[in-house]
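Below are two complexes that have chain A in common, paired first with chain B and then with chain C.
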Partner chain A sequence: MRKSLVAITIAAAAVPMLIGVAGLPRPGDPSAAVHTHVAARYIAEGAHETGADNLVTGVLLNYRGFDTFGEVMIIFAALAAVMAVLPRGATGLPGAGAASGIPISPIVAFIIRLTAPFIAAFGAFVIFKGHVSPGGGFQGGVILGALLMMLSLVLGRGVDRPLIPARSARWLQAAAPLAFFAVGVLGLGLTGAVLGYPAEPGRELLRELMMIFLEIGIGVGGGAIILGLFLETRGE
Partner chain B sequence: MAALWGNIDYAAFVVLFCIGLYIIIAKQNLIKKLLGLNIMETAVFAFVVTSGMVDGGTAPIVGPGMSGPFASPLPHAMVLTGIVVAVSITALALCLIIEIYRQCGTLEADELKGAE
Partner chain C sequence: MNQVFDLVMLALLIAMALAVARSKDLVAAAMIFSGYGLVMCLLWQHRGAPDVAMTEAAIGAGVTTILVLLAIGRTCRREK
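Entry: the complex of A and B
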């Protein structure tokens, strides 16, 4: 009875949404507002103005750099909130078995050790080439984070032997905001605007280095934060 | 109706959104509610990314050897931001659920109403 009532209410709420999407431009219509507003300029001038062939990275780090700064602060704040919610040193869910108590299968451990260098190389490639090819800091950071999660199953298990020592883990988790802070201050000194990039000819290399530095910060910070979230929820 | 048929992609995302909303309201288990929230988020991301598509377009990566038309890069960047926020929400919600289970011993919303 209650579920059918919910279904009827949601079906009624879907009708205005369907009417709304029926009035939108057809997906793929080249004359839609999404292609003619700022996007046309981004595509025409973006590679020249930002120095990033991958326009998504150009938009993220250059045109909308403040957005991305807020984004890395959000995921950092999420980790801080998770650490505040879960008490330190408590084991995971009751009855779930202590994370470090059950030995892992030797086959799984061998496969993880075998594939780890290749995954690390792939993650580093995605981070370093993120401004000219598909990829970027967040994508590479997720790959690194997944690798660290896998490695934490076989290496450095338990509270007393963490995969990353607690002191360096704090700095790695803050890498993305710190990188944004450093590049923002550098841009302030070079161009007079926070997160400004030098655009005049002859300084493209500096601009590219600033973007790669940001990408590394986002990637390392993202990976460390994902590992931190994983370890916190597991109760370490 | 013909206009809706032309935007059948968007209509599919509306259906997906409503499925997520139904799960959040109708299901009692907190994990299932979180899954419903993630389905809703996925529907919104797919909606925004689809709006950036262009007929015969490729990924917005310009450079030597690449020729247009290119998909709009702005929705991609927005959705990347949105995904990071969604991950943060999911992580924090999971931790709250773990703590609720540790304190109350149940994840069913109707049982939690009685357990103070």
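Entry: the complex of A and C
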């Protein structure tokens, strides 16, 4: 019964996807939309239309903002799946003990404390500079997440004293979808389209702020989710 | 010259992927996979995709390795 239910669910998800894939143009097909006008439009009009100096950011947050919304939902779902699958407070199998009470080396602890502020500054730089240079919320968020992982080795001590209190951690982990939701609704109110950005002259600052808000949301949410994955896998 | 760099990197990638698949020691496999991420990052950068290269360096070579090591820590080091 249960197996057939799983099979039906998988089939219901797979069939539309396969139909969609079958409808895609052949790879390298010169008559595909992306080769005829889409890419050319992005390159020619992107800077003007999106207000982002970095074309990748322009595509990610403006032209394909809805795709990016899906991406952050996938990352959020990954954390939810890990939390659902792994038992809470479990310390792993006997004798495995990756995190079970082995004291951290003083050299490692010192290096982590020494480098932490620089890594934090670099992560914030990558998030805020994502507009004009390679980088952005995803990359900066991972840098911040890696920093939080390192710090939780030195500072966080188990369930009693977590690095971020559990309640705030839940909100931070949802920061990226929430930021997209907020900007999406704001865009709906301003332009009549979800994730629409005001394009008329004089509103550039607002558009800029919406995009920076999204970048910060993606960065904070990504970092918190990576820390959450780390702590859940470690069994805390 | 450009082609040579790409070909060397791609050969390295294939060798590392085979090593990961063949290794019975999962910790060794995780470390090789981290190196795979690093080579992939160099390749992205060389192909002119610095955004993807940054993501690959941070996630592929960094965070994934730690998560895999933690998962190994909760299970068993050697493949049976």
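To be clear about the criterion, the second predicted complex is superposed on the first by the 196 of 236 C-alpha atoms of A that agree within 3 Å, B and C clash if a C-alpha of one lies under 4 Å from a C-alpha of the other, contacts with A are read in each partner's own complex, and residues count from 1 in each chain.
Rule of thumb we're sticking to: contacts are C-beta pairs under 8 Å (C-beta built on N, C-alpha and C of every residue); 3 or more make two chains touch, one makes a residue touch a chain.
Since the model is a prediction, treat every value here as computed from it, not as a measurement.
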{"item": "Partner chain in contact with A:Val56 - chain B first, chain C second, else both or neither", "value": "both"}
{"item": "Which superposed partner A:Met149 touches (first chain B, second chain C, both, neither)", "value": "second"}
{"item": "First (chain B), second (chain C), both or neither touched by A:Thr115", "value": "neither"}
{"item": "Which of chain B and chain C A:Asp67 touches, first, second, both or neither", "value": "first"}
{"item": "Chain B versus chain C as contact partner of A:Leu229, first or second or both or neither", "value": "both"}
{"item": "Dominant contact partner of chain A by residue count, chain C or chain B", "value": "B"}
{"item": "Chain B versus chain C as contact partner of A:Val6, first or second or both or neither", "value": "first"}
{"item": "First (chain B), second (chain C), both or neither touched by A:Gly135", "value": "second"}
{"item": "Residues of chain A contacting chain B in one complex and chain C in the other", "value": "56, 90, 92-93, 134, 136, 138, 229, 233"}
{"item": "Footprint of chain A on chain C - complex, ascending", "value": "50-51, 53-55, 58-59, 62-63, 66-67, 69-76"}
{"item": "Contact set on chain A toward chain C in their complex", "value": "56, 90, 92-93, 96-99, 126, 134-136, 138-139, 142-143, 145-146, 149, 226, 229-230, 233-235"}
{"item": "Residue ranges of chain B touching chain A (in the complex, touch as defined)", "value": "3-4, 6-7, 9-11, 13-15, 17-18, 21-22, 25-26, 50-55, 57, 59-63, 68-70, 72-77, 80-81, 83-85, 87-89, 91-92, 94-96, 98-99, 101-102"}
{"item": "Residue numbers on chain A that touch chain B, as the complex places them", "value": "2-3, 6-7, 10-11, 13-14, 17-18, 21-24, 26-30, 32, 34-35, 38-39, 42-43, 46-47, 53-56, 58-60, 64, 67-68, 71-72, 74-75, 77-79, 81-82, 85-86, 90, 92-94, 132-134, 136, 138, 229, 232-233"}
